[in-house]
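Both of the next two complexes hold chain A, though its partner changes from chain B to chain C.
For the complex of A and B:
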């Protein structure tokens, strides 16, 4: 069952996924373009230049991972939605099993851009020589990319599985949670002197994107090269 | 018109070809979706192949071939890809027979489903359902919109399968004549209610139109069911009755009540169906 499921997901998504794979492969090369040791400069200047130049490209990595996740999630349910889920419901598999098969097919497809990124990063690093004091993190970057893809995929896969009404309820609920936590944040800020400079919205955003927050994987360190 | 499926007690004998008749929008597809586990009933029990719906749905669906009202296969796949995908879910899927059927139904394995005509898609759906070797075949308007040649091919394939395997077939349609030829049981659905369920032979022979002279005002203890009565204009007390469960010896009833039976008119299946629907619906008086 799994292999045909993987095949039909691939068949649906391939035209969109292939450009993402190419982009994931190319992005590390673009990030290190023109960088490398140049004996004429001080090492500290060179380190600074390499790190800052490669970091210019950082926002593109999480954006790409998010894009891959969204594309995989939407294509996972696309045909079933169009056909009113009649075919899926007439198959002798439990609904959770069917969803799991679909989900795991998408996860495997999400590995394609991840592997491309990992290969591209290794290839890119092979073209430059890093000064002492700098380290390359191609595997970390690829792992973070995969986790971010997985995060976006899981969220949109879950949203996509339901009806439009369910989706609106979930999105509405999440917005309410966010606004609610912002209001709570305002209260906390009013009573905790250390946080008095911050608004509730700041605190809620911080909760979402900082360590332990659900979106932290997108906002963490995406460096290919760092100290 | 909105209605609920209510009080439906449907009993399909094993091995029967059961025709599920009803006008468009009468609740046939909804009933099918209920026993296919696609919709949840508010109350009542559904048993398919001796198993409970929805509890044992996975086991039931492994033994049921289903052709829905509208094509439900993935449009970007080719015929061969769709067959492979479908086969992976059914343990008893007979790939050899699927190939035979594909040739017999003249389906190109490399053709994309999106490019196929309605008739070809209908054939593919039937191929998928039959290749599962199902014990129960559920066909929801399988020939709707198909040309006569494809319709004949589809019905022939179903009949061949039944003669070979003794499977039960549940076939819904509003095309009365189509079911007349192949079904041995019939259930009639209207506005969410099952208004009749009987062997096809009874359905064909049991509904008659009678011309009665000197008809009594009240009909009590009649051996048949009076479905409707209508006065024949200008012919005194002559009336036309539509009755169900009619048999020739029942003529004696008219002698007993002092009336005279002038004529017994056979109705064809379509007329019987229309009469049945007309009589099952609550009579409304025209507003002035």
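For the complex of A and C:
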């Protein structure tokens, strides 16, 4: 049962996933292009240049991971929604088992861009010589990439699995959290000046990206090359 | 029409032959301009600080006029703390941790023995704690009054307390002494920040120091004369002097702070070596090993991140398994 699910998902997503795989493979190479010790400049200048230049590309890695996750999640449910769930209902499996198989198939497909990124990072690093004091972290970067893909995939997969009403509730709830916390924060600060330092919006954002928050994986150190 | 004509004239203006573009200022001119603005900036900063201090004094006077609020006194090491009832235990615990972990070797500091720390940690911004003048007996009060919103964890609290104790300790060093000038505005050092700064520095002595050349470490720490101190200002991590000083005190053990104060009018290196009671090379090697030990790693927190992400993915998967559009009934 698992293999057909994986195959169907692959058929659905391949045209969109392949460009992502190519992008994941190429991004590390773009990040290190023109860098490395060539002996013509002082090592100290090399270090500064390598770190500052490679960091310019950093935001693209989590963005790409997020994109992969969204694409995999949306294509996972695409044909079910299109065909009115007839195929799924014809199978001799429970609903939860069907969803689990489908989700794990997406996770496995998420490994493709991750492996491409890992290979690309190793290849990119093989083309440059790092000066003493700098270290390359291709495997850490690949792991972060996979985790970020998994997070985005899980969130949108859960949304896709539910009804339109659930999706509206979740998206509406998130919007309400941001807008409401900002409004309530301002209102409270206006009446209780001692609470003016407490911003609901800051609190919500902090909770999302700090330790324990769902978006924590998208922050942190995404460096391919660091000290 | 006039506007269009004017726009067109402006658009083609750079292309008119013979028209000279203004020469961009040289780096020297830019630096001079920036330097000329410095007195105004300093004056504005001084006025802002004076206004803040005035507001605080007024607020304290206003609070002092109200019926006295109860407060408790606790002690951690040589540190006296005054705090509202209910937070005395927390204050004692946090200050004792900080004292034991970071300053235990610094016995005999007149500034610390004489100081009182007013400690508060509240959800809303706390009013300054009014300390009974009779109890404080004229001792200077250092305020560690924080809101949970900005400082949400005990680690954050310890960081602020550490900073407050460090800035109080610096009060022992005579203003204008070579040691005070060398320390500058050093805050309590973060080993990781200093290691990153040195590793990414574009200065040759930084590379030398990392490779094990101790004179390179001396140079970036500004211990090889005034000229080197100024020349390597950007290569020197701002808090590195504080890190070396604390390292010297740890090496010196009992009485190191008193020895340091006794030599504060000598050169910083002499004072540090005297306090540490070791050779310059041993002191520098010790600082360098501290530097290398604190080298930041890219995988810091990765295990926590992985665990958190897997838990969230699991939770979302459970939602996906429960939620359904199969409502054919």
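Quick note on the criterion: the second predicted complex is superposed on the first by the 198 of 227 C-alpha atoms of A that agree within 3 Å, B and C clash if a C-alpha of one lies under 4 Å from a C-alpha of the other, contacts with A are read in each partner's own complex, and residues count from 1 in each chain.
By our rule, contacts are C-beta pairs under 8 Å (C-beta built on N, C-alpha and C of every residue); 3 or more make two chains touch, one makes a residue touch a chain.
Because the structure is predicted, anything quoted here is derived from the model rather than measured.
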Partner chain in contact with A:87 - chain B first, chain C second, else both or neither: first
Which superposed partner A:163 touches (first chain B, second chain C, both, neither): second
First, second, both or neither for A:144, with chain B first and chain C second: second
First (chain B), second (chain C), both or neither touched by A:4: first
Which superposed partner A:155 touches (first chain B, second chain C, both, neither): second
Of chain B and chain C, the chain that contacts the larger number of chain A residues: C
Common interface positions of chain A, toward chain B and toward chain C: 85, 89
Chain B - residues contacting chain A, complex: 36-38, 57-62, 66, 68, 70, 72-77, 81, 84-85, 88-90
Residues of chain A defined as touching chain C within the complex: 42-45, 47-48, 51, 80-81, 85, 88-89, 95-96, 99-100, 103, 132-135, 137, 140, 143-144, 147-148, 150-151, 153-155, 157-158, 160-163, 166, 192, 194-199, 203, 211-214, 216-217, 220-221, 223, 226-227
Complex contacts: residues of chain C adjacent to chain A: 123-126, 147, 149-150, 195-196, 199-204, 206-207, 210-211, 295-296, 298-302, 304-306, 308-310, 312-313, 316-317, 319-328
Partner chain B, residues of chain A touching it in the complex: 1, 3-5, 7-8, 11-12, 79, 83-87, 89-94
